[in-house]
Structure formats: C-alpha cells, structure tokens
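Following: one structure in structure tokens, then a few remarks.
Naming follows writing order (A, B, C and D), and every chain is counted from residue 1.
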Amino acid sequence: MALSREQVAMRVAQELKDGYYVNLGIGIPTLVANYVPAGIEVMLQSENGLLGMGPYPTEAQIDADMINAGKETVTAIKGAAIFSSAESFAMIRGGHVDLTVLGAFEVDQNGNIASWMIPGKLVKGMGGAMDLVAGAQNIVVTMTHADKYGASKLLDACTLPLTGVGCVKKIVTDLAVLEVKDGAFHLLERAPGISVEEIQQKTAGKLVINGEIPEMVFA
Amino acid sequence: MALSREQVAMRVAQELKDGYYVNLGIGIPTLVANYVPAGIEVMLQSENGLLGMGPYPTEAQIDADMINAGKETVTAIKGAAIFSSAESFAMIRGGHVDLTVLGAFEVDQNGNIASWMIPGKLVKGMGGAMDLVAGAQNIVVTMTHADKYGASKLLDACTLPLTGVGCVKKIVTDLAVLEVKDGAFHLLERAPGISVEEIQQKTAGKLVINGEIPEMVFA
Amino acid sequence: MAGFNKVVHSYDEAMAGLENGMTVIAGGFGLCGIPEGLIAQIKKMGTRDLTVVSNNCGVDGFGLGVLLEDRQIKKMVASYVGENALFEKQLLSGELEVELTPQGTLAEKIRAGGAGIPAFFTATGYGTPVAEGKETREINGRNYVLEPSITGDFAIVRAWKADRYGNLVFRHTAMNFNPMVATAGKITVAEVEEIVEPGELEPSQIHTPGIYVQRVIQAKFEKRIERRMVRQG
Amino acid sequence: MAGFNKVVHSYDEAMAGLENGMTVIAGGFGLCGIPEGLIAQIKKMGTRDLTVVSNNCGVDGFGLGVLLEDRQIKKMVASYVGENALFEKQLLSGELEVELTPQGTLAEKIRAGGAGIPAFFTATGYGTPVAEGKETREINGRNYVLEPSITGDFAIVRAWKADRYGNLVFRHTAMNFNPMVATAGKITVAEVEEIVEPGELEPSQIHTPGIYVQRVIQAKFEKRIERRMVRQG
C-alpha cells in the first residue's frame, strides 16, 4: 500500500546521520523530526535564522519573537544559535548544511526540481527553496509519486518553472525510494506491497531497475 | 613657519563636524583626536573592528584583547560597538564613515593618492588604506608639503603605486590647506608666515590661487 | 552629544523625508520582527508609488499588507507572498509589480547594498526564471548568476533594545532580516521596545552598530502570531 | 551526542589531516586574537608548502612568524606584513610568494568563501596594482574590481568561549578576522580560553554558530602585546 505521510517521513529519517545539520521544509519534511533514529542526533536549521530548533512551545513558552521558517511558534534547544537571515543563508549557500528535505511539484531524471510556481494558478514565491537546493550538500525530495489524477511527478523533464538544476540526489515518495544519477531514476526500494510494475507505470521519466528491489524496512 | 605635527592635527580637527564617524590613520591623523573642537562630538572608528574608540588605557586597564588598528592597546567609550573586520569594512566600503584622515607619500592634482609602497624599498602592505580611500565619504590627507630634499609631494601625477584613484578631496600639509578639484590643487589657506610663493614653489602639480589666501586660524 | 542622540519622539519625525516614489526596505520575516508603528506611519502619510523591499508583504490588514489597501506600493521585492489575498488580487490585475527573489539572495543583496558591494555571484536560481536576463558565469565548474545589490532611501527595522547612539540588539528570531536592512538605508529608522543608557549594551554583543542608524523611536508592539503551534506541556 | 561533541583533547587531534601544500586561513589581527597553540602545532608538525591566508604574518618569533623559520610557508596572502624582518628577507629573496590584499577585501573574500559567494565586485583597489589582471566593471557610474573568494583546507581561529557544539564567542577586539575565518575552512579548528556547557551561551549572542566549527580545543594563551600604550590614570 502507498505510504502515509508519516511513513514517508519515517523513511526519510533513515537518511539522517549522527551529527548532521538538517533543514526540513514545510509539510512532510517537518514530520521527519519526529522520527530521528535512536542513538543519532541531528541539529535542525530553520532558515529565518535558527540553528538548533526544538519542539513547539508549551502554552507558557509561546513567544511571538520565536518562530521557525514556517512562521510557526517554536523553541530552541540548549546549544542553539540565533542569527540574521543573511548569516543563515551564508550557511546554506556555503554548503554547511548536510541535508535538506523538501517537497516538490515535479522532479526530473536530471535532478531538476520544480516546487514554487504553477503559472496562472499559484504565485506564492520561492522563499528559501532556491537557496537550499543550490546550497545543501544533499537534497532529498519527498512527494507523492503521482498527482491525484494519477499523472507521474517523476518526469523526463520538468514542465513547471524550476527551483534548481541538477541538484536532487534522492526521492522518497509514497511508493518508492529512488536515486537520481546519470540522467535516470534508479529504483532503490519500494513501499511494502507496492510492485515494481506499479512504480514503473507511475514513473514518466527514465527508470532504472537493477535486480531485485527490496521493500522498505521500518524499524 | 611650517606647522608642527600637532598644528597640522589641530587644523585637520577643524574639518570635524558634530556627529561625524571618523577613521584616523596612523601618525599625524591619530593626533587629531586630541584636538576635537569644543561643543562637538565625533566617534572614532578603528578598522580592526571598533566603533567608539577611547583613549589609551591606564596601566590597570590594559588588555591584550583590546587594541586599535595600529595594534596599540586602547579603550572603548560608553556606547562603543565591537565587531568583526568584515563588518568593519562593510561600514567603510559602504560609505557609512563620514571622514577618513590618512597620511600619504604623494597626492596628485586628480585626487590620486600613493601611500603604501615604494618599489624596491618598502613593501609593508596597504592594510585598510585602499578600502578607506575607496569607501569614506570624505578623505583628508595629511603630509609634509615636500620631502626632506625639498621635492614636492603634490604632483601632477603620482609616481608611486596608487592606493586609490580620484578620491582625495582635501590636503592639510605643514604649509597649506588645499582642495583637490577639477584637476588642480586649489589653495585655501596658508600656514602662518608662509608665503603663497613658497607654497607655489613647493607644489609640483597645478596650483590654483584665487584672490587673497588667508592664514590658518587656530582657536 | 547632540550629534549622536538619535532618539526621536514622534512617528512624524521618525519618517520625515519619505516621499512618493522612494524605495523602502523593511525588516521582518512574516509578521515577526516587523516595525509595526513605522509601517502604520507610512499608511497614515499616504505616500505613494513606493518600491518596498521585504521578505514578505504582511497579511491582509496587518504588517506591510496595510499599504496595499490604498495602493501605496507600486513595486514589491520579496521572496514569499503567500499569505495575502489583496496582494494576489493586485498582482493578477497588474496594479502591483512584483520581483520575486530567493530569500537568501534577497538577504545577501541587502547586506551587499549596505556593505558597498554592488554585485555578487551566487549559484541560487541558476537555470530558473530568477536568472532570466541576468549575467551567468561558470566559476570552478559551477554555474552562477550575477545579482546586483539593493539599497533604499529608507530602511525601517524593529529592534529589542537600543541606546541613543543607535546601537541595536534584536530579540530571538525577530532578528531575521533586520540587521542587514538596517545597513542599507540612506535613512535607517529603528523602532525599538526599550531605550537603554549608553554602556548598558555590551560592545561585542551589539547586533547593529549605531553608525548605520539615523533615528530611533520607542514603541509598544502588538506582535501578532501567524501560526500559533503548541505542544502539551 | 557523539556527533556534536567537537571538543578534542590534544593538538595532534586538533590539526590531524593537515598536509603539505594545503591552504590554511588564520584568524587574528597583528598578534591579537591569534590561535597560538594551533600555530605552534603546525610548526611542530613541520608541514610544508603551505598557503597561509591571514591579515598579518605575526612577528619574528611569534604568531605565524614562527612558520617562516623553517620555511613552511610557500605563499602568504595578507594585507600588512610590516613587522617581520624574516618575512621581508624571504620575500626579497623570492623564497616566499606574497599576495598583498587590501584588508577589507581580504575580510570580504574570506566571508564570501564561507558564504558560497564565489566572487564579488568592490571599488577597493580600482586603478591600483591590486586590480592588475582582474576584471573591472563600471556599475552605476563607479568603477569596481571583481574579487574571487577564498576558502581553506583548514581554518584556525581563537575564541573566548565555546560549547561542545562548536558555538563560539569572541572577546573584545580579539574578534577581528576570526568570525569570517571560522566559516571558510573545510575543517575549522577553534582554540578557546573556556569551554562552557550548552545553553550557557545566549543563542542570539553567539558570534560563530557551531555549524562552521569541526574541532574545539581549550588552551592557555600568552597574548603578547605589540604596542603597549598607556595613559596616566
């Protein structure tokens, strides 16, 4: 069966390594923080200017001057640092963030990503996404494999205005885990009960299937 | 008679205005701080990263971590700010410093200045001088009018490697105050007892003398 | 000390000199750390044809959003404008010109403006609509876009504490864009929660040295929260 | 918390991985705020053919000057080198390559390196020997020089306080180049006076967030003064 949002987040969390500085986008990526594997510690970066983001505040802790990049009230862990947005993006653009997880409308087999604009329909702006995909060492995209009409979001070439070029390395969808390299999607894992055929059918771009594809394992 | 170093500094101090942020170079410029006119307050910027530089410390106040751009022990006034050298030169290059006073080997009638290198003889480096002359709103140069052999330092064109191009607006020498504009030195004031003829004779570049030239007045 | 006492006592004084057609850079991220009273003053003055540079344009009825009500903004430079129906309407009708700029590029363009850097290269936006019409260049095997810096006639920021020299300290993540914005105005106005005596702010802990700030005004802030998230304590 | 405990307990560990031919960026201004023990460790290691980037090269027998004694430095990038006879001798003999860089440009090149900006324009040095061989451009009526950024294999800094996450606070004007230098190393090593518990440093008062710092070592410093100036108290 296709993964739930929580399961996608759980699978993404397996990409975390001890000591990683991680930026989590809005939506499913935010949930990843709930599934950090045992024995591992990561530090969350929020691009408005916070390194060491903690959980949401209790009612008593709420402070309007303490928010995350999603404009949600938030807390800081012990050992956090707070700084300007210029410093925050110096970190991001300078390649100091180890992993960025973000959503997308489309990804293509060359690692291009479209996530910020649907011409004629939606113009909210790119926020920090373009800097994040240009700057982080490692980009994992989370999204549903296909849209609600069944059309694939893994394309040979993105059709929407791009967020970044050749930057996506890994994709975790509700159906599969894929690596993007050499101009193709390489199927690494499939969701429990999802067949390789279904993934193939819902992947519009070039899909490489090497040998037996294991099911994802959740701890 | 030619001005003493202290008198040059006194005359330069008349260029200060209330509320000015000022960077004073090493040597005579440093002395300017001793002659800030009554009723006026200026704030001194030291390019290693200090705004609001105070006097030298007492023996008890000396702290190796508290120095000025001349690497001298120094103090900070109440209301001072300390910051990185990148921030310091953001201030300087961004045009936020109102006045820079510095010494020079040569100045020419187009406002060019040479102050950091004598090929084959002296290669100490430019330090912050190139940034200061490129960034400050207003540059006053202090120097002796001629070298110890009597050769003019106010030239039609600098002969030494330049520190900056077209940036010097005013010069205070031991003999005169001059403005640099329209490709010439304009004589504004002469030192007490120094004749226009002597100044003319010791100025190699184009000198403009308009009407009666007053003597400098010291309060 | 007249020359360094930057404290003003009315919003009229704080924004004196603002004229139609000027560029105003505003600090804040969403509704966090915005100079509420200075924005209200611009609305009161009715200044028009403004170019406003800010990461966001407030929400309907609060923050910079209020300047849309009387169409005071001609052009908006921002990274994200998703919370504002009136904004979207004026954008789609063509009344409002919008230059969407990646958040990090925007932050850096403002910092560069204050720091005398007229342009810089960044990888952000290469190959996207953001790079259209801009110079690109390959440097050490990566592709970059040349981005010009931004300066403003006015910069308006919100700080926590200030002294009369204009030294500023920001509070928590209300810092956000405020430090860079403070450097980039011909006239920078800081609206602050508290004015302290010179010397009370530790010199090496000042976020914005007073040299960047021309006017300081003390105020009370509503500090509206956009997304109130709570966990059970 | 293994992944974020950056404290090391020996200089061997602190500088492990430094190899001949690498680039080392060092914080400090004159002898103020220099990582004394890390420099001594490089001398002890005898690593050669180094490119060293630092505002100054110490003095004879102290600071980076000690690396000249065994000719460990192949190339020096600095703004001012006036206090060092051995330096001058090696420079004039051609043993030492020197790239003199204006102080503000040097600071900005290092900041840019850490911030992912590969090059920027500055007016500093236009029309001077510094601009020779570099691209220049007129922007809005002023002339500018394009300057590439600087990054290092190692960055070595001195801080006052650190926590085990690598967050740093600098003391007084010993801050100087240290914050930018800390951002620009593949491996950044901070030599600090005191290591405090996480949470003791106020988050918004941290000068260098720990993300930039890979190793922290505690040390005692000589803190030599170059020009001891005193007024009568």
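Worth a mention:
One rule holds for everything that comes next: a contact is a pair of C-beta atoms (placed from the backbone, for glycine too) under 8 Å apart; a residue touches a chain by one contact, two chains touch by 3 or more.
All of these numbers come straight from a predicted model, not from anything done at the bench.
C-beta contact counts were set side by side for B-C and B-D; B-D has more. Centre-to-centre, using mean CA coordinates, subunit A is 35 Å away from subunit D.
Spacing of subunit A relative to subunit C, judged by their CA centroids, is 29 angstrom.
Residue positions 50, 82-83, 89-90, 92-93, 135 of subunit A each touch two or more of the other chains.
Those residues of subunit D in touch with two or more other chains are numbered 108, 111, 115-117, 122-123, 171-172, 175, 203-204, 207. The touch graph of the protein chains shown belongs to none of the named shapes.
Every pair of chains meeting the touch criterion is listed here: A-C, A-D, B-C, B-D, C-D.
Residues of subunit C that touch subunit D in their complex: 108, 112, 115-123, 139-140, 142, 144, 148, 170-172, 175, 203-205, 207.
Interface of subunit D with subunit B (complex): residues 29-33, 55, 78-82, 88, 91, 98, 100, 102-105, 107-108, 110-111, 122-130, 143, 160, 171-180, 207, 223-233. Subunit A makes touch with subunit D in their complex at residues 17-21, 40-43, 45, 50-52, 76, 78-83, 87, 89-97, 135.
Of all the residues in subunit A, the ones that touch subunit C in their complex are 46-50, 55-68, 70-74, 82-86, 88-90, 92-93, 112, 117, 123-131, 134-135, 161-166.
Residues of subunit D touching subunit A in their complex: 1-4, 111, 113-117, 163-165, 167, 183, 198-199, 203-204, 206, 209-212.
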